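In what follows, a structure is listed as structure tokens, so that the remarks can point back to it.
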Amino acid sequence: MSSSFRIHRARLETLVDGVFAIAMTILVLEVKVPELTDRHSTEDLLHALLHHGYVIGAYAFSFAMLGLFWVWHHRLAEQVREIDLPLLVCALTFLALISFFPFASALLGRYTTNLAALLVYVPVIGLILLTQTLFFWLAMRRNLVVAEHCSPAKALATHRRNLIGLAIFSFACTPTLMRLNAYAPLAGVALGALLLWWAKRRVPAASAKSRT
Amino acid sequence: MSSSFRIHRARLETLVDGVFAIAMTILVLEVKVPELTDRHSTEDLLHALLHHGYVIGAYAFSFAMLGLFWVWHHRLAEQVREIDLPLLVCALTFLALISFFPFASALLGRYTTNLAALLVYVPVIGLILLTQTLFFWLAMRRNLVVAEHCSPAKALATHRRNLIGLAIFSFACTPTLMRLNAYAPLAGVALGALLLWWAKRRVPAASAKSRT
Amino acid sequence: MSSSFRIHRARLETLVDGVFAIAMTILVLEVKVPELTDRHSTEDLLHALLHHGYVIGAYAFSFAMLGLFWVWHHRLAEQVREIDLPLLVCALTFLALISFFPFASALLGRYTTNLAALLVYVPVIGLILLTQTLFFWLAMRRNLVVAEHCSPAKALATHRRNLIGLAIFSFACTPTLMRLNAYAPLAGVALGALLLWWAKRRVPAASAKSRT
Amino acid sequence: MSSSFRIHRARLETLVDGVFAIAMTILVLEVKVPELTDRHSTEDLLHALLHHGYVIGAYAFSFAMLGLFWVWHHRLAEQVREIDLPLLVCALTFLALISFFPFASALLGRYTTNLAALLVYVPVIGLILLTQTLFFWLAMRRNLVVAEHCSPAKALATHRRNLIGLAIFSFACTPTLMRLNAYAPLAGVALGALLLWWAKRRVPAASAKSRT
């Protein structure tokens, strides 16, 4: 695959829409039809369904998260002219995490009160946010952002919003993650990398400003 | 996300088509291949399949419902120019309910004679109708209806048809819902909200008429 | 829904592609990973997989059938200008049967030697062929065939090929179906209806010839 | 189906995207939510998830493979003008293998240390590579490659890269396959066929060079 590797954005978007549509619908497969001893008892069935409350709540929350990711991805992707190899790898990693999301959601629905379920669910969301931010940052770096729709200053503002979202998420989740020592250094490394990016980002921001 | 938030209608429609295609196909997953003690007995297998009668009936009915919702959604959506944030939230809620529909259908197929299954199935349909009506009403309110294809008077006629459909559904289901007291006040609130909309709707209708 | 009811062909085709893609992929869900007592025994696993031979054979055959239906449907649909209500009902019935197909295929894979499995599989294929033929016949009748791409004579030739395919299928399956008496009158009625269509079809054929 | 059989590339690509999106998402269905005796024990759940390590590893690897195949297919398909019957059969066989891939991946995830699982997984990948190579070779042979985008010399270079990829894969897998005698002659036949193609390929290559 030479340096002229390109793939049409429309092709990637069809795949993204397909994966999101299936991940959204597969979420509900975890909500199982309960087994009853007395098939005609209304009370038994209602009672069994109320026990499904956690699962249905996890379904609604996860669906909302997927909806949010879908909107966010398309708002970023529509500013990108073409998909080259690093962007493609980043987008496919994003899709792999989206496909993995129904499993994390099912785990959280079944074991809502169990910390370990959160320790899968929260990092998956964190990685999804990270790949999204990385996706747009790579597009900016590689001059693949559509200039007419999106000026360099506007692109930087978008990137800054992505980073702020990621930072808010990281801080919000720190208490949860702190409860397992293994995640604390990981969060530290991630934060350091973010700060590094932030610093580096100021240079093209300055040059963009001087250009305008 | 600023006030200039917009998403292309074509993007939403691809997601809608994907979710509908999967929900339609997932319906059939509930029709399980029966387990037989004698693998070669034609009578046993036919007998087991006839026992699946309710499940297959629920499958056919639910497929028809999904087909109806799909047609209805696209007939509404093709009159909308752009999707802004409130419309998007409304459309994603609609999709969450569509994804949830196979579960409700599976519940009804397994426990056809159980009132509690209807108490899940019927409100899900009601909410789907409600989000559809809300979707078009929001589009009208926010001036996102395509003017060339659809004059204000025509848009109002569409909205009135939506409301009438919702009202017929509500009245038809009242006897079922009445059997559980918890749903009676809910239906009352919904009806009151509808009447309020109806009253408010007359003002833009009048202004639309005076404009024509 | 007034007489001016129309839906864009592109919209239907996206749904059709989605349903086909999922039905094709769901076929394989019936091929279950075997359970072994000794996890490291190559012979045990190979033996268990060979027992899956029938299921994998049914998978390959059903996939080929779905591929055939997909090609056939698009070759018919691309000659249709617009989709009105009767065509839509016909197309959605077709999709319901396609969604149902993985169940029939799973049944045949599990109970290959059982006549009852064929009594589900064969009629489903027959109904799929019937809805396809009906779809194109309705399009011809309602003047929705694209005139530039497809002259009336060519459209009739297509319809005749559809009918011949349906007839060959009916005759080929008669021996199977004959073994259950219940299907014999059904086949008779279907054949009668076909002959009636054939006769009626000659009139527009004649008028089409005189027009050319 | 006459010699003028053609299908639009866009139609095939929608189906391909759909099948890939579903196959990617279905991969994760094999990662099952573990059953715990103590629902609130973090250690138990983490331990159970670590036992899923192989399955999650197989998921990540298989997702990467599917991503690779998807990119490769679209890079080949975008050079093809139209899809005629042999190309279509080849593409549908490719899709059947892609749909079958989640089963092979599930088998490998469950029985990672079992040779028989590799004996399913590796040949499926091999056949996918083979159908891809065949797809482009058929397109070249039948003059369906877009001339403007892709000169004959460039098309040949693509085909050569496909063949080299196939050859590397064959040699890399030989040690695995050698352990079962049944696969050795099969690999021999495949290699012979490749060499035959290679030889034949030189003739149009020479004519292409003389033309340039």
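Should a chain be cited, it is by its letter among A, B, C and D, assigned in written order, with residues numbered from 1 in that chain.
To be clear about the criterion, contacts are C-beta pairs under 8 Å (C-beta built on N, C-alpha and C of every residue); 3 or more make two chains touch, one makes a residue touch a chain.
Quick caveat, the model's predicted, so the values are computed rather than measured.
Could you work out which chain's C-alpha centre is the most distant one from the centre of chain D?
The most remote chain is B.
Same or different for chain A and chain D, when you check if over half of the residue numbers at their contact belong to both copies?
Mostly different residues form this interface, as fewer than half of the numbers used are common to both chains.
Provide the C-alpha centroid distance between chain B and chain C, rounded to the nearest whole angstrom.
28
Find the geometric centre of each of chain B and chain D from their Cα atoms only, then give the gap between the two centres in Å, rounded to an integer.
Their C-alpha centroids are separated by 39 Å.
Going by the touch rule set out above, which residues of chain C reach two or more other chains?
14, 17-18, 21-22, 29
Under the stated contact criterion, what part of chain A meets chain B in this complex?
13-14, 17-18, 20-22, 24-29, 31, 33, 36, 39-43, 45-46, 49, 59-60, 63-64, 67, 70-71, 74-75, 78
Of all residues in chain C, which touch chain B in the complex?
7-8, 11, 14-15, 17-19, 21-23, 26, 29-30, 88, 92, 95-96, 99-100, 102-103, 106-107, 110-111, 113-117, 119-120
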